[in-house]
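Two complexes, one shared chain (subunit A), two partners (subunit B, subunit C).
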Partner chain A sequence: MGNQTLAGKTMKRRDFLKLSIAGLATTTIAATTMRNKASGPVGDSPHKWAMVIDQSKCNGCGYCVDACRACNDVAPDKAWTRLIAQEPEEERDVYLPVPCMQCADAPCVDICPVGASYYRPDGIVMMDYDKCIGCRYCELACPYHARSFNWKAFTEGNPAVPDWGQPEVARRPRGVVEKCAFCYQRIDRGLAMGLTPGVDEQATPACVVACPPGARVFGDLNDPESQVSQLLAGNCSYRLREDLGTEPRVYYLPVQAEEEAACHDNV
Partner chain B sequence: MSRQRLGFLRNSFTWWVAFLLLLIVSGLAAGILVFARGLQVTNLTDLVPWGLWIGIDLSSIALAAGAFSISAIVYLLKVKKLLPVAKTAVFLGLIGYTMAVLTLLLDIGRPDRFWHAMAYWNIHSPLWEVTMCVTLYLAVLTLEVTPIVGNSDIMQNRWPKMGRKMGSVHKLAPVLAVVGLCLSMMHQTSLGVTYGVIRARPAWDRSSLAVLFIVSAVAAGPAMVIFASHVAARMTSKAKINQDLLNTIAKYIGWVLIVYLFLRVWDLLYLSFSTDPGRGDSLFYLTQGPLAVNCWLGEMIIGIIIPIIILLVPHWRQNPRLQMLAAAMVVIGLILYRWDTNMVGQMVVFSYLPQATTPLFTSYLPSFVEIAAGLGVVAYGILAFTLGVRYLRVVDHTEVHEHETAQPMPVPMLSGD
Partner chain C sequence: MAQDSPPECLACHTTGYDAATHTWEEEGVGCSTCHEMGPNSTHHPEQVMPVNRSPEACGTCHVDTHEDWAMSKHGEEDLACVKCHNPHTAELKKENVQEVCIDCHNEESYFYAFTAHSQEGMICTDCHFQVSETPAGEGHGKLVHTFAVDLNNCNQCHEHQMHSTSSDAAFMGTMGTAMGGAEGEGVAGVTPCEALDTLQQARNDIVFPDQIDSNVLAPEPPSGLAPLSFVLPMVFGLALGIVVTPLAERAFRRVQI
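After this line comes the complex of A and B, so read on.
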């Protein structure tokens, strides 16, 4: 073993080290870019979408459910937004419309084994229907029962079409879990057309557009002038199961807010 | 002549295998129905999405825990005399994990995407960790079973070269024991975490489930090994047990059960110290409601207390019949514990409605297809063990082992019987 070989060996080792570092760096960069492509980090968007539902205005007509069913092509045996009748208050019927809460700290995103539930940069909790393996763990984890599993294929006609609108997204296959995504397709298309979600109907979730008494309001929390920001600034509001720390982006204005203004009654 | 040809019909082994095959075929039919028509053939719902199959899954993984615990005792604590029992344990382990994988394939909505957890990682998900560990551990178990197959009479007689090669994998055993211990500790615990992190279901939301899952598995896995060995020895002369070795393991189970009992009671008391209405209702459901018989009689008395008494009184422990009974009881107790844990969180769903303090009560009974498919999987496991006992001699605790020689020698088999 001469010096030559030793030097050669050292060089080789150094080259190898350099190569490994370069390789590692490339992989890291590639992985990061790929992840950015799939879904950018939350907060990377100028928008933060939220919905405010005024229970004092909701009359339980259920138009939101039908409009959602048509636009998102939801099968009759499930509903992405549900309407729950609550205890009547002072002879007045009280309803609770429940879409996906679009939690900022969503249990479904945390626990999905394959990352099929993920956040969009603007905070919308999305489902990747091509990744979902149908284990239904998210159904157990969601405190709001916002998710439905496709126990069978939805092949029949949609009874809500065409009266309530036209399907804007693809039907989900059998064996995956599905849920409301704040009509992201309307938001994205609207923004591309220069419209303002929450103001222009074409850029606003179907349930908000369909609501006759205007109980549902949609908009950008990052915009202090938006209707949602204004409503939340000027009224008492609550969110469902705030004790769980899920930070929902669906806010409710309670029925009794006008007179009693019982902000401390928040749930 | 014809009497001789039909002689196999008088052989109980034939009938036993035929019976198991019948169950497997009906399970296969049910499985094909599930794949063809989807999970609508089950009685699962959006509120109770995890049912009988998850119960089989959890139980077969927990009952396979004998593989890692006895391997660890043999190779890490160097209790070499238990080596022949480790062989039984490892074989049962492989059966348990393949059963779990089969049931999971039935249970997920998109079985064609079973590989997604390998490709798309979500390191925050306990279920992802479980899937990864189970897959890796399945590979470990396969390697651990390879020498058993390699040293079998069939391999040695027909393909002796191949058999020797497979037998030499035995050299890896100590490494595999360490890897298996790590992977098993991780996912047996994480199965409890899978439930424990679900804040939406008040019955589960606590960290103690992780500890209870691993401790109960460490008790029930070896109990399964003892039970299966005893049953095999009673059924066929091909299975030979060494009562002395089983007594050692039985005593160990007894002590683990005491730890388990302590943790279990502590956990129940801990559940009662809660102002969460959903949690109080879950506790009621478990201890006084529909699951109370399972919980007190099944899990506590049959599953823990009676086995502790039998296994820790030397005179009773050394009685093969009583020992087998106690092991069976531990196994039953574990299955009921997994079943009840899975069920109670889904039976009592705390409402998200404002001011609503009454939880939603749900119900679930498996459908015929679920039962048929489940029985098929269980029958596969029993058949695999039956064939293993007959052809691979997986229950032969009288084997002579030479001490840790460095030579890659195949483990010598006692020939002839």
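After this line comes the complex of A and C, so read on.
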């Protein structure tokens, strides 16, 4: 009684129950262990870092890219922050600097099979280069092309050093995907020294410090007095690919805010 | 040190100069000039070394340059010294000054290439980065960091055309004929004001990228799917079918009585 058939073989109800419970248990355990990366940033950090880039000031000099390469020891063939030339507008060139967006709902974190990509409580999407297996799913998933894979180990001297800065993090090995991390090493050591990221240069990402016209601004969105909060409150801004729901933390002030439709209702 | 070590020189040419006791920590510009050091100010390497990267820090010794800079547009925009200069080597971060100018002022460099000045082989720094006529001393404040251009800059080449009559200007050549009407007609003597006017007009004549017919530069790519995009899926489908179908048949035949 109660015999099931499966591809011609008979099975007792007991076996069927055992199989079902085992399957359910496995799924539950898998789901709970994956929980640390399944949701957005959790935790008790008082900070919520964001960057505002004013396109009306950016002149495409590329000093941000050089400084980032030096301070994070990035190989010359890759860039953690990219500079894109857009269509000129109103007789002036328009440039779009694109760092990692540190998305609040990051596709790279969702897709990483080993949890090498994870959220930090303050919103930075971090990379654990030891866990990374180099499958490049995150590189594919990122809508902003912010990630790059190390096809070979970077062993030569870094041409950006010492003019643009000194390396502050270890070089990544061959076979991992690397990306901008908002210079978390500068933020952390700055906070330890009592400095304010975004205000004090040593606690602020290298690209922000290096920008000659001051197009890049960094700060804490949780602080209403910070420059980023005030810029976003007072100006029309937009983010890239908001339709994807990634909730990026890099905001752009357009060259000319002609239409209200282009502006994003922020923060 | 040489030259009898007067205090006015030592204040900048040594590190940690104490005017009261006429002593100093080391000769030349040492680390502690910009980095606070000492047991009370920092716990290096546990803490990162504090540093003063402000233009005022550079300006304590580079007084003339700092004053020039403060008067300039760069100073108004608070473009710090360290944005262009490597603070440790005091060199520029790029190969030469021209490159540094063009990095930020790249739009101006587009227009400039079409001007007569550029044809003459002049670069930004020929006019905008003058050697000071009255430096404070040898090597002090040598290059004027106001980046301003005034009549003296123009007159370095065009002095003979100042206040000259039109015939004189035409006789002396250069801008007289370049600006001219038909041969034999009187040509207006070119003043620096008119030269600037010409430059601005030339700027207006430049074709901007959005005026270029884009189809000429980058023809539209053909739309639609390539034929190959059907072939490959068909091959995969066939392979899968060939493998899976006998297995499925076997399974189904087992189930059916």
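As a working rule, the second predicted complex is superposed on the first by the 216 of 267 C-alpha atoms of A that agree within 3 Å, B and C clash if a C-alpha of one lies under 4 Å from a C-alpha of the other, contacts with A are read in each partner's own complex, and residues count from 1 in each chain.
Just so we're on the same page, contacts are C-beta pairs under 8 Å (C-beta built on N, C-alpha and C of every residue); 3 or more make two chains touch, one makes a residue touch a chain.
On a predicted model such as this, the values are computed, not experimentally measured, just so you know.
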Review point. Looking at the overlay on subunit A, is there a clash between subunit B and subunit C, or do the two fit?
Key: clash
Point to revise | subunit B or subunit C, by number of subunit A residues touched | key: B
Review point. Looking at the overlay, what does A:224 touch: subunit B (first), subunit C (second), both, or neither?
Key: neither
**Study point:** First, second, both or neither for A:114, with subunit B first and subunit C second
**Key:** first
Review point. Between subunit B (first) and subunit C (second), which, if any, makes contact with A:88: first, second, both or neither?
Key: second
Exercise for review: Would you sort A:157 into first (subunit B), second (subunit C), both or neither based on which partner it touches?
Suggested key: neither
Exercise for review: Scan A:234 for contacts with subunit B and subunit C and give back first, second, both or neither.
Suggested key: neither
Study note, to complete from the structure: Only subunit B stretch among 171-179, 297-305 or 369-377 with CA clashes against subunit C is 297-305
Review point. Any idea which subunit A residues touch subunit C in the complex?
Key: 5, 7-8, 59-63, 66, 87-88, 91-93, 162-164, 189, 192-193, 201-202, 210, 212-214
Review point. Taking the complex as given, what residues does subunit A use to touch subunit B?
Key: 78, 84, 86, 96, 98, 107, 110-116, 131-137, 139-145, 147-153, 173-177, 238, 240-241, 244-245, 252, 254, 267
Exercise for review: Show which residues of subunit B lie in contact with subunit A when the two form their complex.
Suggested key: 37-40, 42, 44, 46-47, 49-50, 107-110, 113-114, 116-117, 119-122, 124-128, 130-131, 194, 197-201, 345-346, 349-350, 352-355
**Study point:** Parts of subunit C lying in touch with subunit A, wherever the complex brings them together
**Key:** 47-48, 50-51, 53, 77-79, 83-84, 86, 88-89, 91, 93, 103-107, 208-210, 251, 254-255
